[in-house]
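The same chain A turns up in both complexes below, where it pairs with chain B and then with chain C.
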Partner chain A sequence: MRLRQGLNDRLISWKVSGGFRQTVVEILERGRRNGMVVIGFSIIATMIALALLAPVLPLADPKELNTDERLLPPSSRHWFGTDNLGQDVFSRVIWGTRVSLAVASLAVCFSLIIGVVLGLTAGYFGGAVDYIIAGTIDLFWTFPAFLLALAFAAALGASLWNVILAISISYWAGFGRLMRGQALTIRERQFVEASRALGATHGRIMFTHVMPNCLAPLIVWASIGVADAITIESSLSFLGAGTPVTTPSWGKMLSMGMINIAEAPWVTTFPGIVLLITILGFNLLGDGLRDVLDPRMKGMRR
Partner chain B sequence: MADLLSYVIRKLLLAIPVIFLATFIVFLMLYLTPGDPALALVPPRHTPADVEEVREKYGFNDPIYVQYGSFLWRLFNGDLGSSVSPATTGLEVSSMIVQRLPRTLELMAIGLTISYSLGIPLGIFSALRQNSLGDRSVMVFTLITYAMPSFWLGILLMMLFGVYLQWLPISGAIGGITSIILPAITLGLGNAALTTRMMRSSMLEVARQDYITQLRSRGLPENEVIYKHAMKNAMLPVITVIGLDIGWFVGGAVVVEKVFSWQGIGMLTVDAIEKDDFPVVQGCIMVLAIFVILGNLVADILYAYADPRVRLG
Partner chain C sequence: MSGERRPILEIKGLRTQFLLHEGTVTALDGIDLTIYENESVGIVGETGCGKSMTAFSVLRLVPPPGKITAGSIRFKGVELTTLTVDQMRGIRGKLISMIFQDPSTSLDPVFTVGSQLGEVISLHQGIYEEAALKKKVLQVLKLVRIAAPESVVRQYPHELSGGMKQRVMIALALSCNPSLLIADEPTTALDVTIQAQILNLLKDLVRGAGSSMMLITHNLGVVAEACDRICIMYAGRIVEIAETLDLFENPMHPYTKGLLKAFPKLGEQKDELNVIRGTVPNLMKPFRGCPFVDRCDSSMEKCRAFRPIMLEVKPRHFVSCHLYSGGG
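For the complex of A and B:
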């Protein structure tokens, strides 16, 4: 009884405490009722589980070459068949999940950090600082993201970290723009003024008052951002400028599979379907969250 | 019209720093390559004297700002360097690009046409029958085509029409009018999804406005209300995204050209990346970037022309 009382108090305090916690609780509550959020979230959860479990699942070695088993059609032994090097496609698809998700989420993380810090600083301080940072943000925003990523990936050479770097550099401006716009309006609000009157430092106001108020659109954008990052990563790998040759990655599998497209369509079909479903999952989650959190943001995407 | 002119001049001035950013990124690419930048600019079979010559020509021993200055100067004079790949050693990058440019323009023009002639009617159709079965199918269709990476869509179309049905050639290298169909559809379809969604939501928004209700209550035929009065305003947001579309199309063209071996700039870029032909990669990225920036500029001007509120803002 006492325990339950405690738990209830805790839940109530969570709900009334506002700011970050309230936002999270609200997202969870409203998200459960939105079909797109539920489907998107389920897809993402499955993909993350597969990615995490890949090393313990009873899978064939994704890099094992077997010349006797080249281009075998799907069977009970090789669920998705084998490719032209005799590698198990199913195993490579599952291991590819790890690569795609890790690259995309890290790239979005870095983009978020760069974008939030720069956008927040620009919007909060205004004046000359804003002029310089907002100019830089606009420059990168106007510059075509995919070309920028391609340029960096081509120059840096094929490696996972280079792909992450290339995507982050080309993608952060969206977060910066969003954050700056929000910070510009929020810094005029009274609670910010009150906090300043109480002697809070700029850093404190920026990160405890201004940022939590921008959380909802940031979450929406981060979700759509992961979808975009997966698209960019797989496109780069498809073009041969992304992940290293031996790493199992969906984009690479599709480009390798194209050679045998007529006699072995399964080599391209299965990675393609999984890639599409994953991107769809993040897009659905993002679109759904946007409807749940802020209908005014409709149509706001790159 | 004077305000339109001043708006165009303002936009032109804003495009200049973006073009400089593009040149700087292309310049920087050379220094991001692992190892000595001079080695990236000499053919695989070279003598130490060749390396020294390149170092001298590009001024790699000078301070970085001098190097950037001379890079800009060469760019300004149309000198993009020469190819270092074994098959094309010594060919001027600028002439290689000029030779490929028409193919890419052709592909993008047809792709854009497909995208708008599919997206705009579908969006209107969907908006006029909001929440019907037709509307929902269109929305699901756009959701999927939007999420689909263009190379995967290209491969699917290739498998269906090229390999399975054998109606259309799977490679653009063959030439002829039929070889452009699949690449252009691939390029157009992904963007059509975005256009459809924009058109639908903007049509829904306009249809709710008072002047539309007023026109209807005056007894105007529904067709006239929609196509003569609502369309004009509903098209505005679609025009705004043309700029973004062009960025998307240039990126998409690189990927689609690779899928169908379409011999445009995109294919040139990808081949050059594969062969470590660095001057060609730099030149292609530069040209593609300028392409996008100019495209954005044209879209901005179109938008200002269509919507007087923009020029004054």
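For the complex of A and C:
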């Protein structure tokens, strides 16, 4: 409650200040001049637009089976051809965007929340709290995220929420480590001591002073994290441990199309390319943001 | 002797120790200090003598593994050492405030000056309404004589100069009219011309508000300018307390004498500066006698054996040294 109050004050005071707006404008301006950010952002924006517009676009029903039109090559009717069940590949790729983006962004959100809260607590308090949380983080960190996600997804069963859960559980440790490391350095800064001397609570210091100071690397990691999450989701679906069979998903399309890869390469090629471009988009954005959000790069031309 | 003067802070027998694996470091070894209303007390001593620890102990912010192991700290008659964490937090910033040494790191770099001031004010005074908050913030900034407060409110700490930042820090500390302001080397990180301005500002504001101030510094010039009384610390103990003028004119403790002698005087031609020989004793080893004994020119047999007690040698002039304990 107190924390929410604190965040509310913060928002109010943000409104009071115009320097904040100016900083945002500056960051946007620097982003606009950064090629990686522009390309990455354009790709992601296109993907998000396609995902959102999928229901209104004049697409064939992605789940409609048509035995007469199996494995047709790309044509004006079926831009990306059809798969072995006669489903329109283009339509399935577009609908697959929805699944991939939704799963990946939700998974990253959850990982971010778990990682930030635990990492912040560990780094800020130190001592025994840190020992336990950092140990847990390391435990999760030692496992390859993908293997862990595979194990969880297989155990939980195929459903979108289970995939999100599996990815979050296996991926949060990265954010936890990042946040803990940042918190460890920030908590030694004098303004943390100063706010304590001015009567701020631990919660307030953690969430309104330590966390905002770590925002830049978190944003960068989150962007690259989405790319990772998309890869994990596709891989899980590819292996059959991910999304349910009927849901159009890029990974699933790749694995289904593999059987006919010699006669009908378009079934796998197109989802593969889109998958690649999307991941590239998030990675470019992440890399670009790292430069844009780094104050040392201010005024630098690249 | 201090009949009418009402004490605001009474420290008695304060002992702060750091319990380390290698042993116990006694950072403060029985501090007795009283600060009265409307009074500025300077605490002077060399690095590591416990000046800052005294301040942190008063605020109960001694960094772990440090702990207040004995003694009492009474603030306006309230015992601070036994307050709950929440009660203590209500006192910090509102009744006792602190200013730190380096203004460039004492402000949060990611928030504007206005939002940081606003945070403290809404936290302690319960002002959440935007217009009222803004008004109060501007008022406080004007108080610390910041030019163009309207634009400073919207600026980030890195956009301000060192002196401006320290003014903002003072504004933060004084925004809730604390009864006691602790200033830990408030001018050390500033250049000399700004130092004088900041000191005068602090002095005026503290007097104007009827508050008291504990000014921590290693610079005797700073305390001479701003303080009513001076308290000299050495190795975790207070060795001498006197009124400013009295202390400069009649230093009694050999350490104080040494300190004053170490200051070069203007116009004096000298090849070498006066130094106090030797180094500070190891605070990990408990010593029975006077901590200054190894560096003292007038040490005696009993200095090694017995710990000198604080005596009022002259009115309002306290010294803890066997030279003045009578009976030779």
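The criterion applied here is as follows: the second predicted complex is superposed on the first by the 266 of 302 C-alpha atoms of A that agree within 3 Å, B and C clash if a C-alpha of one lies under 4 Å from a C-alpha of the other, contacts with A are read in each partner's own complex, and residues count from 1 in each chain.
Keep this in mind: contacts are C-beta pairs under 8 Å (C-beta built on N, C-alpha and C of every residue); 3 or more make two chains touch, one makes a residue touch a chain.
Just so it is clear, the model here is predicted, and its values are computed rather than measured.
Is A:V117 touching anything from chain B or chain C once the two structures are fitted on A? First, second, both or neither.
A:V117 contacts neither chain B nor chain C.
Is A:T201 touching the first partner chain B, the second partner chain C, both, or neither of them?
second
Using the superposition on chain A described above, determine whether A:H209 touches chain B (first), chain C (second), both, or neither.
second
If we overlay the two complexes on their shared chain A, which of chain B and chain C does A:M179 touch? Say first, second, both or neither.
It touches nothing on chain B or chain C.
For A:V226, is the partner it touches chain B (first), chain C (second), both, or none of the two (neither)?
Once the two structures are laid over each other on A, A:V226 reaches no partner at all.
With the two complexes superposed on chain A, say which partner A:M47 touches: chain B (first), chain C (second), both, or neither.
In the superposition, A:M47 touches no partner, neither chain B nor chain C.
Name the chain, either chain B or chain C, that contacts more residues of chain A.
B
Intersection of chain A residues contacting chain B with those contacting chain C?
none
Going by the contact rule at the top, pick out the chain A residues touching chain C in the complex.
Contact set of chain A toward chain C: 8-10, 12-20, 22-23, 127, 189-191, 193-201, 204, 208-209, 212-213, 215.
For chain C, which residues count as touching chain A in their complex?
Those in contact with chain A are residues 59, 61, 64, 89-94, 97-98, 100-102, 105-112, 114-115, 118-120, 122-124, 128, 130, 133-134, 137, 153-156, 159, 169, 172-173.
Using the touch definition up top, name the residues of chain B that touch chain A in the complex.
Listed in rising order, the residues of chain B that touch chain A are 17-18, 21-22, 25-26, 28-30, 32-34, 143-144, 146-152, 155-156, 158-159, 163, 170, 197-198, 201, 237, 244, 247, 250-251, 254-255, 258-259, 269-270, 273-274, 281, 285, 288-289, 292-293, 296.
State the interface residues of chain A toward chain B in the complex, per the touch definition above.
Touch list, chain A to chain B: 135, 139-140, 142-148, 150-152, 154-157, 227, 231, 234-235, 238-241, 251, 254-255, 258, 261-262, 265, 268-269, 272, 275-276, 279-280, 283-284, 298-299, 302.
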